[in-house]
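There are two complexes below, and they share subunit A, which is joined by subunit B in the first and by subunit C in the second.
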Partner chain A sequence: MDQIVIQTINGLVNGMVLAVVASGLTLIFGIMDIVNFAHGDLMMLGAFVGATVLGITGNFWLALFVAAIVIAMLGVLLQVTTLRPLIGRDPLTTILATFGISLVLQKYALWQWGPTVRKISEPVSGQFALFHLQYPWYRVATAILAGLIIGGLWLFLKYGKYGIWIRATTQDRVMAQAMGIPVPLVHTAVFAIGSAMAAASGVLFGPFAGVTQTMGSDFTLRAFIVVVVGGMGNLGGSILAAIFVSLIEAYAALVVSPAQAVIVSFVVLVLTMLFRPTGLFVPTPK
Partner chain B sequence: MAERWQDEPWTKHLWWTGKTTRRRFLSLSAAAAGAVGATMLVPPPWREAFGQAKPYKVGTLQPLSGTAAAGGKTALVGVQMAVERINTSGGLNGRPIELVIADYESKPDVGRRKAEKLMVEDKVDAHVGGYLSNVCLACMPVYEEHKVVNMVSVCLDTTITTTKCSRYTFRPFDYAPAQAVAISPYLINKMGKKWHIAYLDYAWGQSTRDAYIEQIKKNGGEVVGTTGIPLGTADMASFVSKISGSFDGLFGIFFGANAINFTSAIYDLGLTKKAKYAGDGAIAESTHLAALGQKIEGFVGINRYIPVLDPPLNTAAHRKFFDQAVAALKKIDPSGPLPDRYVQSNFEATNFLKLGIQKSGFRGREDTMKLIEALEGMEVKESDDFPQGDKTLRKEDHQAFLREFIFTIQGGKHKLIEVIAKEKTIVPAACKFA
Partner chain C sequence: MTPRPPTSYWIVFAIVLALLAAAPLVLPPFWQRFATEILIWGLLAMSSDILIGYTGMVSFGHSAFFGLGMYGAAAALVTVKPPSLWLAVLYGLAGAGLVAVFVAYFATRLRDIYFAISTLVFSQIFYVIIFTWTEVTGGENGLTFSQPPLTLFGLHGARFTPVTFHWFVLAVVTLSYLAVRRVTQSPFGMVLQSIRENEPRTRAIGYHVERYKMVAVMLSGLFAGLAGTLYAIQNKFAAPDFVFFVVSGEVVIFNVMGGMGTLVGPFAGAAFFLLLREGLSRFLTEYYLIPLGIIFTLMVMFVPQGLLGFARRALNR
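What follows is the complex of A and B.
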């Protein structure tokens, strides 16, 4: 029983961080049909920027904010210079382009910051007893903070003027354009928001394991699984899928070896593709 | 409606409509080509001294991108330091060394392909390098097929010099069975009898786990459990949370970012308060210490190299290597890390090759067997070439034996606890060359 409780908390914490990464990814896919293979690397770059700002200022919250802004601006640059000209082309073109961006960003990080692992200190210290473990409050705080970020995004999309523009563009680009919504601007803004969310998740995750130039790789892969399982472009579905996949992996770790537990998410992906290709958390198509 | 988005009216302003004239394109291309060509044509300063002498081509396969890129970059620094030193001091048999660098992207399939390229297209005379054990194992048959000497410079998988040994491959540094023999008495007598081993679940981690299980048992200890964690797992909390029960110490077998993740997870979950923490020295390499901070304090590890200048590492040779490595690392990392075992073993592996070439009068691939015979059983003394200490490159399995350092982390720095003489690390050879 104690292990089930521990793994539930682990799964929720991991799932919430993954949800922040995946929500940016699904937002970008939903509006631009771009499968962004560089998303995990934007997360990594955000973590490096956060670590640098934290090193200078000593303020975690400022680091989180600055990293999000800087990577949002980088997202704007990438969208305008690389992805915008590819809109409407074969999806393979954008996949290759974002894959290329991913390699460039990893190489850049290694060149700029070197091979030494960077540190992001936890803004919340202390632990509480959880059966045989001392569970860190920071992990719980991370889950809550990730929830607040996702909640903020949801409120913005639901009630904000520009959020409504984004939803309208997602539903029908041509009609949105006809109604006077500046679609290219919306595309750029969404890419910036997605990039900022990736950066925020990088800074939040930094204290868990340090900042390295490959820290985004595992998240990219898992975020793609989540986006497919949750329904491509479906924000709510992706969030639920992130928690679902993380919980399943955490519970699987109780009964099988860790190497087998990580396969579980791939099994879920395959089953979803076979039996419910529109995603687990979207209404059944009529 | 247009078939493609970019043909639709609303996308027109997105596209570049200005003109690039052919003249402008050609002039810019010529300028760019000239700039690149000029850079490539400038020879390194030492090249002039060798006149028309044909260089020895030495290939080095390193993971310069992908999951192991950080370690690969520091490993390459070691090879480059040694090659630079050889070339600036007159070369080998009057010939310079030309280093051919290949990036295997941390993937075994790419590694094998790049090894083939080094053999067939670049026609290297010998190879020094490798980092990930699975890549070293994948590439060993390539060197054997092309009859080229392969000096492994980082890979620690036990089977490289045991069940999968090759006459063409040498490991001029330590391996897990020797490390396990060296540290196990300390683990049992000074830290505790019951151990839980957590390891990276791939070739190196698995073979190292087996070596430690054997030695801990042989020294009267007990391994109460093992936990394998897949390579590249971002958050290990779910797997580490499962480690429970009664044990005195937790022994970790990790390297690179995985070592950071594991150490952070066990510290965050309070396991380092419950049990003592020891492990492979790769967990506490100098490039990790700043990121781990308090989390690595008190860790006890074993390593062939630690960046300290205390006795017996207070020699002039080590200080020279240390200072040069610090300067070279500063060029690739602004934070200025101290040298680690990857720099050391790549530096010394290249120097082993140097001695072998000098001793055998090696001219090229046609003399590979002479080079192998020169390297087999080679004894080297602590010197500028081998700042880590004396070594024996055993003839029977091409495995080196050297002194080991048991250390702890105190105040964010390595502190030497005990030096294990190379004679006390020797384990029987378990190799039969084909």
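What follows is the complex of A and C.
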């Protein structure tokens, strides 16, 4: 019983971090039809930048902020140089291009920071008793912080002037352009926001398991699963799906080894694609 | 229906074949092996071209077929004594074929990006199974075995030398190329190409698109499994690394670099990639992927038809 409660909390915490990664990915897909294979690697780079800044200044919150800004700028650079020229081409070309970028980013991280695991120390120390475990407060704080980031994004999209531009562009690119919205700029901005969110979640996730240059591809795959299960381009669905998939994986880890628990989320993905290709958490399309 | 290929095509074909056959006789041992590897990776990439270039489905899961081909061959070589070459090929094809049926059944219902993601996920499922099922697959360490001798038409042949193995691979690859070429030019291949060009219209004409796609995936998977079998026999091991999706990514890179929809392009792409990797890793060690990734991304942007794309028309006649 206590195992189940612990795994529920673990699943929720992991789910919130994953939700931040996935909402960036789904935003980018929804607005630009770009499947960003490099998304997890942006997260990984963000974590490394955060670890470096933390090493210099010792301030976790500054590290979080700097990482988000730096990776957002990198996102702008990537979008302008690589993805903008590909607009209007087959969406599969963008998969290939971002796949190439992902290779470069991964090896760059290996070159710059080496193969050793970087540890980001927790900004919130202390633990509380949860049955037989001493559960760290940081994990709970992470879930809340992730919730705040997502909530902020939601408010921005709902009420902010530029958020409304973004939603308009998602709905109808041509019409948005006709109404005077600078669509290319919106694309770049969305890519920057998505990258910043990936970087922030990388820094948040850092204290959990350490930062390595291979964490990116792992998270790319997981974020893909979440985005498809939640419905491509559907922000609310992605967040629910992130929590859903993480919970299922956490429960599965009670029965099989964590390495095998991944298969369960793969199965969820395949079943979703076969029976509810528009996403699990959306009303059935008419 | 299809016009006969011009004699110039067959002349070039014969010249290239003769050069490839003569290559191990003049090359030093390291490059002998290298040439054989290019042929094997090229075969894998060509199998993927059936989907990417002819049917318009990007598969990010070819490592599953390749890997199961390897493990299939390993199963035959580890369990059956004395080791038999043809049994290894048979087991390898059976392994890859089984996976292909599974993937074909589920993945072909999806299109475009969803197909790419689902093939990726399927290959990862098989990766996790192979990686964690240590008792049978050897887990992270994989399986090692001895190389089977070459037997042909019941004759008990000699052990493989690097040169004879190269010829063996060349023969298999050439036959596969001719077979796949024949398939892509058959009425069946024409339907595949019409699916690539316009799927709703193909369906409207009355073709059962899903069935054609399934057969295409299975065919592709079988040739990928054949490549895996050859690779296992060459290297005398099967390892989970080759089921990991990085291999699938490389296969896609070979196709894009060499030229999709040409069948020989993937071979050129594999050769180009492996030569670049060899050259770059001499002084960049494992960071060779940085310049290689940049070259690949630039090629996607500016040379999307690949190295041999200019000859696409001539090669498909």
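The rule is simple: the second predicted complex is superposed on the first by the 282 of 286 C-alpha atoms of A that agree within 3 Å, B and C clash if a C-alpha of one lies under 4 Å from a C-alpha of the other, contacts with A are read in each partner's own complex, and residues count from 1 in each chain.
In this text, contacts are C-beta pairs under 8 Å (C-beta built on N, C-alpha and C of every residue); 3 or more make two chains touch, one makes a residue touch a chain.
No experiment lies behind these values; they were computed from the predicted model shown.
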item	value
First, second, both or neither for A:I225, with subunit B first and subunit C second	second
Partner chain in contact with A:P85 - subunit B first, subunit C second, else both or neither	both
Partner chain in contact with A:Q171 - subunit B first, subunit C second, else both or neither	neither
Touching partner for A:K107 - first (subunit B), second (subunit C), both, neither	both
Comparing the two partners subunit B and subunit C, which touches a greater set of residues in subunit A	B
First (subunit B), second (subunit C), both or neither touched by A:V262	both
Subunit B versus subunit C as contact partner of A:V270, first or second or both or neither	second
On subunit A, positions contacted by subunit B and by subunit C	85, 89, 103, 106-107, 110, 217, 257, 259, 262
Sites on subunit B touched by subunit A in the complex	1, 4-8, 10-11, 13-16, 65-67, 69-71, 73-74, 201, 227-230, 232-239, 241-242, 244, 256-257, 260-261, 264-265, 268-271, 273-274, 287-288, 290-293, 332-335, 337
Residue numbers on subunit C that touch subunit A, as the complex places them	58, 106, 109-110, 112-114, 116-118, 120-122, 124-125, 128-129, 131-132, 245, 249, 252-253, 256, 286-287, 289-290, 292-294, 296-297, 300-301, 304
Contacting residues of subunit A [partner subunit B, same complex]	3, 6-7, 10-11, 13-14, 17, 84-85, 87-89, 103, 106-107, 110, 113-119, 121, 127, 132-136, 138-139, 174, 177, 183-184, 205, 207-215, 217-219, 222, 249-250, 253-254, 257-259, 261-262
Touch list for subunit A against partner subunit C, complex	35, 82, 85-86, 89, 91-93, 95-97, 99-104, 106-108, 110-111, 217, 221, 224-225, 228, 257, 259-260, 262-263, 266-267, 269-270, 273-274, 277
